[in-house]
Every structure is written in C-alpha cells, then in structure tokens.
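As structure tokens, here come the structures.
Heads up, the next two complexes both have chain A, just with different partners, chain B and then chain C.
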Partner chain A sequence: MTDRRLGGLSERLEAGRQRLDELPRWKADLVVLLGAVGLTYLVFGVVGLLSGVSTNEITGFLYTVTFFGAVFGLLTLALNLHWGYTGLFNIGVAGFMAVGVYTMAVLTADPTGSPAGFGLPIPIGVVGGVLAAAAVGAVIALPALRVRADYFAIVTLGFSEIVRLSITSGSLRQIEFGDTVYGTGGGSGIRYTPVDSVVPWLLDLPGIGVAGDTLYGIAAAGGVSQSVVNRLLYALVLIAFVVVCYLSLQRIARSPFGRILKAIREDEIVARSLGKNTQLAKIKVFALGCGLMGLAGILWIGSRSLATPESFMPIVTFYIFVALIIGGAGSNTGSVAGAFVFAAFLWEGPRFLRTILRANLDTRSPPTIYDAGVDLLAADPMPLVGYFIGSLDELRWVLIGVVLVVLMIYRPNGLFGDRKEIAAAVDLSNRGGGSNE
Partner chain B sequence: MSITGLQTRLRDLSIQEAFGLALAVGVVILTVDLVRLVAVGELAFDRLLSLLWNGFVDSLYIGLAAIGLSMTYSILRFANFSHGDLITVGAFSGWTVAYLIGGIGAAGFGSRLLLDADGGASARELGMNVVGSPLAILLGLVAAAVLTVLIALAVDRLVYKKLRRAGGITLLIASVGVALTLRYLIAIVYTQDARGLVASAPVWEPAWLPVGPINLHELTLVGAALALIIGVHLLLQYTKLGKSMRAMSDNRDLALVTGISTERVITATWIIGAGLAGVAGYLIVLDRSQITINLGWFLLLLVFAAVILGGIGSIYGALAGSLVIGTTINLSLVWLPSDLNEVAAFTLMILVLLIKPEGLFAGVETA
Partner chain C sequence: MSNQQTAAGPATESETAADADTILEVEGLEKRFGGIVAVDGTSFSVERGTITGLIGPNGAGKSTTFNCITGVHKPDDGSVVFDGTDITGQPPEKIANHGLVRTFQIARELPEMTVLENMMLGPKNQLGEDLWRSVLPGARRTVIEQEKTLRQQAWETLEFFEIDHLAEEYAGTLSGGQRKLLDLARAQSTDPEMLLLDEPMAGVNPSLEKKLLDRVHDLKQQGYSFLLVEHDMDVIMQHCERVIVLHQGAVLAEGAPKEIRSNEAVIEAYLGGDV
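== the complex of A and B ==
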C-alpha cells in the first residue's frame, strides 16, 4: 500500500521533472525559484510554530526576509548586469546607493528641516535619485573603463569610499544657501519622508480610498493593524519592482545590445573587431546598473526616515556580492534566487535561529569568551553556547566569509551551477546534441 | 621644442595625457601655494615640518604593509583583500602576548588574554609603554610577526593553495571571504569594542639635540620599520631566495624552467608579506594606542593606493608609493579639513590609475 503510494509519488515527481525539462531553461528556473521561496516560507513558519516562537515574530521575520530578498534582488540584478553580463567588476555598490539615497533625501526633505531639502514630492525624489546615480555611474565609467578588471575593482571601491567620506565630512555637513542651510548632515545624517509613506498616501486617494478602507477593515477584523498592512503592501511594491526589473533585464539580455555585453565579457577585442562600439556599450550598461543600484538604495534605506553614512559602509557591497555568487553570476534568475537565499538563510536565518534558541533555552551570555571557557572547563557548556548566541552578528559574518571561500573553491559558478548565458545566439560548443550537464 | 611642434603635440593629446597634464599642473600649483603660505607666514614652518614628519611616519607603516601586498600581487597574481586583516591579526596577537608577559600580577589572566575586553586590565595600570615594559613590547613585536605568518600560512594551505590555477578575480573574491572570516573571528574573541591598549608615550628630551621632545613610541616605530625595510632589501638583493622571488614575479614560466620551486617561493612570500603586515599592525597600535577589528580593513585601501602608485610588483615602487600616500594624507591638511584627507589620497590613486595604470615607477618590476 505504502509502496504503491510512494511509487505514485515518485511517478508524479518524475512527470513534474519532465514537464520542467520541456520548459525553456529560464522558465524552469523560475518555477524552481518560486517553489523554493514558497517552501522556505513554509519551513520557517512550521519550524517557528513548532518551536514556540510567537506568530507575530514569525510574520515579522517573513516580512523581513521578503523585504531584504527584494532589495537584495534588485541590487544583485544590477550587479549581475555589470559583472555577470559585461564582466565589469564593480565593488562600489554602496557608493552608488549612497548617491541615489542622498539625492532623493535632499530633493524631498522638509525645507524647514535641518539640514533642509527642497520639499519636492517623493516620486520626483526617487526619479532624481536614480538619475543622479546613473549620471555619476556614467562619469565614473568614462575613464575607469580603460583599466584592468582588478584595477577597476579598486577604482570603484575607492570611489565608494570617497562618497562615504565626503557625506560624513564636516565641511559638507551644512552648506548655507541664502537663508536656508542645506547639506548632508554629516555623521548624524539627513531626515526626510520615507518612501514607503507612498502606500498609505495611495490608499487615502479618493478613488482607491474606498478599497483602502475596505482593506484596513478586513485586516482589522483579522486583528492586523494598519501599519502591518502598509508594510505588507510596501513589500508587494518591492516585489513588483523586482519583477519589472527582472523582465526588462531579461529582455535586454536577449537583445542585440545584450549580446554585445556578453561578447565584451567573453572577449572585448573580438567584439570590437566585429565593429561594435564596446566603450559606449560599457558606459551605457554601467550607468544603467548604477541607476538601478540607486533605485534599490532608495527603496531600502529610503524606507527609513533617516539616511546616515553608516548605511553605506563598503561591506554592504559584499552582501550583494555574496548573493550574486550564491546565485551564479551571469543569470538574472540566478541573481534573484541568490538574493533570496542570502536574505533568508545567511541574513535573517541566524537571527531566527537565535529567536528559537532564546525561546527554548536558558542562554545567559557571559561577559567574555574567557568566562565561558572557564565554565566549559567546569563541565558547563551552556555559557559558551550563550556566548555564541550573544555574538551571533559576528558569527553570521564568519559564516558569510566561509560560504564565500567554499563557493570559490568548490562551486565558482554558483550554488545552482553554471547559468552563464553564452554570447552567441546559438551554443557553438554544443553541436553534438548532447546536454552539457 | 619649437612652438609649432608644441602646438601639434597639444592637439594630439589623448585623454590620458590631458589628465596627466592636469595632475602635473595641479601638483605644481599646490607646491607654489605651499611656498607662498610659508613665505607670508600663514603656515608656520614648524607646522609644515611636523606635517611632513607625520607623513613620513604614516608612510612607514603603510609601506610595511604595502611590501607584502605588492609581493602577493606579483607572485600569486591577485589583489589580496585579506591583507588588511592580516594587519589586524598582527595587532591583536602581538598585543595579547605583550599583555600576557607585561601585565603578570597587575591584572587577571582573562582580562590580559582578551586585551582588556572586560575593562579589567587598563594600559596605564599595567605600565604598557616602551619604558615601563620594554621586554613585553619587544616580545609582542616578535609574536605579532610569528603568529601572523602562521595564520597566513594556514590560510594559504586551506584556501589559496586549492585555487592556484584559478583566475585573479576568483582569488580576489575568495580573499574577501578570508578577510571577513578572520575579522569576525577576532571580533568573537575580543569583542567589537574599540579600546586604547598603550599607556601615553614617554618622551625623550636630549639637551644636545636641537629638536623638541621625541615621542619614544614613534621612534620605536620608525626604527623597527626602517630596520625591517632594509632587511627585506638585503634579502631580496643578496640571497638566492630573493633572487628566485624576483625571477618568479618577473617571468613565472621562465623561473619554473630554470628549476625554481613555485611552492617554496610562495611560502617565502607569505612569510615575508604576512610578517611585515603583522608588525605593521602591532606598531600602529603602539603609536596610536587605539585598537579595533577594523584597523587593517580601513587601512587596506590606502595600502592599495600605495602599491598601485608605485607599480604592482616593485617593492621599491611600493615604498615610494607609500611615501607619496603618507605625505598626501598629511600635507593635504594644509588645504583640506582633516576628515577629507583620505579623499585626497583616494582621488590621487584613481587619477594615477587612469593616467599611468602601470604605476609611477613602471618598468622597474621587482628591481
């Protein structure tokens, strides 16, 4: 009986696999991606419920995963456009995000605030931020494209540090202009209306207002507050941005322009000798990617009400790098998948684990690891466990570092295998009809 | 050159040359302005001298780190982003040994082992300065070198050895992973709190010298760094090992054909590079007293700037580049506020990369 049922299950799995195989590669990837996302939510939810974490915490956790999955997804897509498609090794992501966010902040901040802004509506601020990031990207690209890949990396890192040090600097903190004091606010940052306030504003509009009231009403009946509804709607907005970006990038990748990019990555001299203007293509694609990084920064940092230089440390760039490498550089689907896996398991996963452990274990954390070691010698391992739980943020970084090294040694093409799209329209290396895998 | 020749020359100027010309003009204008400032007395001569001296001191520890970075760049052929964290490893491991030896009886073992993480071993009570506990500080210096070398060799065995055939970018990404792992392992043990480890520096005021009081910690830094730099110079120029290292970074295949063992040269590279980086970290803390887990990471871009300015692969270039960077971050204070001096250094680095990607001392590979 069980055998037959199992047999039926495996048959159905087999049938499903065949259906997947018949789909084009990227569609199959998409199915796997959505399945993995759903499964992750389910597993986290069930594990959380079983281990006695409160429903509120689980919802909060799933929201955070979605939020970071989406913003990292946007950033990873942008970086993939630079590195995965064109081979431009940009490690200044944080700097381009900072340009976007600070431009948005200055454009939309309250004119009476300190530092003051121009008080423009949020959409103008967002567009302005994206354009500023793209423009700065184009300027950086102009000369920097002449240098080697590893030098290019150092130039972009240097640029992102220049941006961060400049916005931190006291000399740009306050710039008097007539009677108003503009500026970056230095280390204490600049305040503005967060971009996610667009959601309640939209729901307040005359036409949609009715729908908004109904939505709030339904939510209130289910015991969910308005702010939670707003956050969930903002997460949906983010997902919409990811989908739109994904589809447009997918389209670019398949266009003649996309083929030039891939040709540059494979061999720039060949592309140039075929009469392609590779310099122009590189500048365009660099500006496009930087604009997207600015947008992602605005959606991420801009949804807080304060931007400080602290949010743009060079390490932010490496979050995105790890996400891209997990997914496998060179494929948009891989980028989004990598960003989600990074957000769920490396970014929020350890925190979730800590919540579970704290709910179930007595984990007082001793002040130093030495005290924990002394207790360990006295045959009490709990203080050491408590210490490690207490220093989970550091442990998470160790984990990220180790994952990066292990991936580079064993799976340099990403966790999901080689997804790199070839430059030619037809796979010239695969004429025998056999599969590569 | 005739006027017409100059005109054609100017007309044919490439972007690169135009940038170069602009940079040269900028340097000339700043030099003239500097002379003017001193001449009209807006900048005291003493202040100029102290800025230059600080630039020299900064360039020494940047230089110690830059030698190692340049060597790994030319022999292992990748930009090692974990080099900054080797500096941090040296600072923490060296000072742990110094505290363990120097503070016996003055503070608890746990507090000394974790470098005052619990506030139980203050530098002042332990008398942590070169006069108060010279032996501890000297042994700490040696330990910084030895322990950093051991860590670097272990990392090479675990990570880089498996990637010998991989491309430069793969190795670069792996080195970022190594950097994060090292830095946050240190953070788990020693905590992320910044703290001062060294008691205020004793000064020496010899009556027979026409200069002001000499900071003994700075003097130790200068002495130790100069001795090590001369040592590396002698090693590279006059030993067989040095010759094979130079051969290897000049032309790897030719070196292999002549029977030079790659692995032995790579091991030697790590020993020298990591040892110098560790000592640099230790000496920085001796000079500034502050220690944090980001010590080396924040320094790394300056070190990269020095290596790139000097031209990758040439240790004399790296030293000259360090001198330029050290002077830039201090002398720029004449015109810029103190929180923008690194911006000046990074801008200089980017400009040089654009004008002369092969570095200011190009063509002198590993000479």
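== the complex of A and C ==
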C-alpha cells in the first residue's frame, strides 16, 4: 500500500521533471525560482499558523527571509561570477562589501556627525560605494591574478582582513581636516542615514506622492502601519535589484565573454593559446563582481544606520560560499535559489523554530548542558529541549555543517550545479543555417 | 664535427628558399631552466604551405622549443619571426592572434564545456567578447547575429573532422583520440595561418590516426602550414616535406625525409642516446 503510493509519487516527480526539461530554459528557470520562493513562503505561513505564531510575527519572518534572500542572492550571484564561472577563488567577499558600505557611509553621513561625512544624497553614496568596491577590486586584481589559484585565495582573504583591521585602526578612526573630524569611527562604527529611507522619500515626492498617500491609505485601512509598508517596498526594491543583476549576469553567461570566463576556469592556457586576452577578462570580471558585492553590502548593512567592522568578519564570506554551494556553483539560477533557501532555512529557520517552540512549550533554559543532563537523568527531558532552544543560534552552525556534509555526499554539485548551461547567445543544437531563424 | 656539416648543408639550401616564402623563422633560440639548457641556440625555418616535422629523442627540447615559439615560455635569447613579424617573447594570446596557433601534447580539451562550446571559443575577435556588448539590449542583437554565423561554422568544422555526432557531449567525456581531433578542430576554427601540432598522434588508434592525417593534408591543400612534433617515424617520413632533427637543444640535421633517414648523426643520436 505504502509502496504503491510512494511509487506513484516518484513517478509523478519524474514526470514533473520531464515536463520541466521540455520547457524552454528561461521558463524552467522561472518555475524553479518562483517555486522555491513560493514553497518557502507556504511552509513558513502554514507551519506558523498551525503552531499558533501570530500573523504579525509570520509576516516579520517572511520579510526577513525576503530581505536576506535578496542580499545573499546578490552576493551569491557576484561570487558565482568569480568562482562558479571564472574559477577565481575569492574568499574576500566581506572585504569588498566593507569597501562599498564604508564609502557609502562616509559620502552620505551627516557633516556635523562624529565622525563626520560629506552629507551627499544617498543615491550618490550608493553609486560611489559600488564604484569604489569595483575600483578596489580592479586594483587588487592586478597583482593578485598573477599568482596561482590557491595563492589568489590567500591574497583575497588577506585583503578582506586588511580592510577590516584598517577600519578599526587608530590612524583611520579619526582624520582631522580643518575643524571637522572625518574617519571610519573605528570599533564604534560610523552613523549615516540608512539607504532604505529612500523609499519614504520617494513616496513623498510630488507626483508619486499621491500614489504614496493612496498606498498608505489602503494599508492603513487594512491595519498595516506606514513603516511596514515602507519595509515591504524596500523588499521589492531589493527584489528588483536581484532581478536586474540576475538577467544581466545570465546575458554575460550566455555570451562569447561568458565562454572565455568558462574557458579560464577550465584551462587558462588553452584560452590564451586560442588568442583570448584572459588577463583583461579576469580583471573586468573581478571588478564587476566586487562592485556587485559592494552594492549588496550597501543594501544589507547600509539599511541599518550604523556600520561597524564586526559586520565584515570573514565568516560572512563563508555564509555566501555555503549559499552558493547549496544552489550549485556555475549556475545563476542556482545561485539565487541557493541564497534564498539558505536565508530561509539556515539563517532564519532556527529562529523561526524557536519562536514556534516558545509559543507552544513552557521551557526554561538551564545555564549549562550539564544541568540539563542531570534533569534528563531524572526523567525530565524538557530542560534539555529548553537548552537547545536557548542555544539555537549556535546550533545553526551544526545545522550548516550537517547540510554541507549531506550535500557533498548526495548532491556534490548543489541543487542546480549539474545542469548543462551552455555559454552561447544562441541555441547551439540548431545546426541549420543561421539567417532563417 | 661531421654533425655540424650535415646540419649546415641543408640549412644553406633552405635559406635561399626562405627568402622565397618562409612563414616561420627561428633564430638562435635559447631557453634555460636553472642550470639546464633545454634549448641551446636552435635555428630553423618553415616554408609556407608545407608540413614540416620536428623530431628528436626524448629531452631534445622539442616541446620547450614549441613553448618558446608560442609564448608559453619566454625565450632567454634568440628571435622568432612569424610571417614577417617579430613575435619573440610575446604572450600566447598575441601570438595566436597573429595566426600561429598550437595544439597540445596531451590534448587540453575544456572538460566541462561541450564540444560545441569548445568550438565556439575558437574564432578570433568575436563581438560578444566585449563585456558590455553582451549585456546591453541593442548591442546584443549584433552578438546574436554573429553567434548564428559562428554556430554554422562550428558545425561545419565538426562535420569536416567527423566528430559532429559528439557535438553536444561534454568534452571531458571524449576518448583520447577524439580529444586530439577536437584540439585540432578548435585550433583550426581560429582561422590561423599556421598550426603547431605537438604529438598529434600520441595515443590515437590507427583508424583515427588516418583520419587525423587526412584532415591535416586537406588543410594543407587549403594553404595552411604545419609544424609537427611526432615520435612516430613512419608518420614523419610519409607525411612531411621537410624534417628538422633536434638533439640536446640544438638542430642536428635538417632536410627531406630521405636525407634524414640516411643521416648517420641522426641514427647515432637515436640509437646511441639514452632512449
């Protein structure tokens, strides 16, 4: 009975996969991406509602998942361009984010603040931050790309730590210039207007203002506050950034330039022997990816009002690698899907689980696992459960480890890494004449 | 002593021919790795539209000579002139763009790219190799148009080399001989003037070897020039117009296959050497 039902399920799955394979590639990508997002929302919504988490909390979680899904999506796309496509093992992602965020912060911070900034409008700050990250990427690329792959990784990791430690260093913390004190603010960070304040500012503009008022009005009628509307709109802005970057990177992937990148990954000497200027391609692609990392940093850390060096620890780079490995290096679709799955289930999942458990179980968290063990011997498992709930943030690491191990065993190429993604602007299978299409 | 004489004899002959139509001129090429002199003042020339063989016992400096000509290594001394241009010490991509393209001793396919992708990589100066032209909507249309032309060429080349049935396989799944064919087809798709083939028959079964040689001859008919490193003496003797023998980094003898076969210095180098 169960066997037959299982058989039916696997048959249906197989049929579904076949139907997916028959779709044009872009449609299949869309189905996969929307499916992953939709399924995640559904799981959070249904599980949340069934276990009695309040609607407010659920929407809060969905917002956070969307937010992190989007910023991680941008970062994995950038890293995929470097590592998945070109084979550049960049483990300095956090450093390039830091360059973007700090440039943006210094450009836009209040001129009377401490440390002071230049008080420029946010869009200029964002563009400046992205350009700075790209420029630093290009400069790093010049010496770094001359060394072999593993040494390249060391150079990028070293760079990202140098950036972080420079920000903390005394000589950059405060730089006096005339009467004002500029600088990075060292360990206590630098304050600025968060980038998501662009949303209410836009809605206040004459012309759009009317639409903004209507939107707020409708929301208020539904019992939703202005700040929630602003947050949701910011999430939409993030999604728009992901969509634009995804489509642009897909075009790069499916172009002669993308072919050169792939060839560099596979065997650079071959690419050079066929007359391709790989050094130039690598510098271009490295600067582009670094700029994108700067942008992602700005949209993430920049939407808080304070940047501190702790936000750019090497561990951030590790998160992005995990997200990319889950999705499948070498595939843009996989990158975005992996980032979203990572944000939902590994990043926010444990916290969501804790909310559910706290809402349903009356647990106190004992101070150490030893105390919990003692209670367990007394046939009372609840303190142990409580202990685990209390340390779910740390258990996230265990979870990430388990996921990586399982993935390496059963799907070493990630969720989408085993797909043939052909680097060409046209369908190569079509062997007929060119002009009659 | 007599070695030098035999080496000098055909060389002077070829110099008169060289003025007529030399495509590649190597002069006093030297390459040292630490204390080891791999190439020690090699000089030779290749005539346009011929198949020239480069032979020599193991360690004679054939591959290093190849690497110095194609820019993989920078020569310590000497000059390489291709088609009237001094290409000494230029990076490989520049030399390839002059029309001098090589294949590798161990075929270097791009394993996780399909055979077609490998082929599409070849053509020079593709519009879409420019990053922005691939992304911007209006410009991308010109890229797509060019890609259609290149796709047709790629299929035709694959048919010519009779590996079109493998077009959509990953190159990494090909057999050793098929990889050699792909390597040659890919090099040819760059539309070069001259091809440098580093042991194209190594590890290739006889029927495939015949196919490969037929293609080389077809291409020669079309005006391509070849420099061929090969260990298989039969291949060299049957298919090359001229043969250059390297020994300990220098040219030992140079001439038509018949002359080489009866050259005592060459026989001694092959039989008396450490091979």
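Assume the second predicted complex is superposed on the first by the 393 of 437 C-alpha atoms of A that agree within 3 Å, B and C clash if a C-alpha of one lies under 4 Å from a C-alpha of the other, contacts with A are read in each partner's own complex, and residues count from 1 in each chain.
The criterion applied here is as follows: a residue touches a chain if its C-beta (ideal position, glycine included) is under 8 Å from a C-beta of that chain, and two chains touch if they have at least 3 such contacts.
Keep in mind the model is a prediction, meaning the values are calculated, not measured.
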Which holds for A:398: it touches chain B only (first), chain C only (second), both, or neither? first
Per the contact definition in the header, classify A:252: touching chain B only (first), chain C only (second), both, or neither. second
Looking at the overlay, what does A:345 touch: chain B (first), chain C (second), both, or neither? neither
Under the stated touch criterion, which partner chain does A:321 make contact with: chain B (first), chain C (second), both, or neither? first
Looking at A:260 after the superposition, I want to know if it touches chain B, chain C, both of them or none. Which is it: first, second, both, neither? second
Answer with first, second, both or neither: which of chain B and chain C does A:169 touch in the superposed model? first
For A:274, decide between first (touching chain B), second (touching chain C), both and neither. second
Dual-contact residues of chain A, meaning touching chain B and chain C, are none
In the complex of these two chains, what residues of chain C are touching chain A? 70-72, 91-94, 96-97, 101-102, 104, 108, 110-114, 116-117, 120-122, 124, 126-131, 134-135, 140, 143-145, 147-149, 151-152, 154-155, 164, 167-168, 170, 186-187, 190
Along chain A, where are the residues that touch chain B in the complex? 89, 143-144, 146-151, 153-155, 157-159, 161-162, 165-166, 168-171, 318, 321, 325, 367-371, 374, 388, 391, 394-395, 397-398, 400-405, 408-409, 412
Mind listing the chain B positions that touch chain A in their complex? 15-16, 19, 78-79, 110, 113-114, 117-118, 159, 162-163, 166, 168-174, 176-185, 187-189, 191-192, 301, 304-305, 308, 337, 339-340, 342-343, 346-347, 349-350, 353-354, 357
Across the complex, what residues on chain A touch chain C? 248, 251-252, 255-260, 262-263, 265-267, 269-278, 281, 284-285, 288, 420, 422-426, 428-431, 433-435, 437
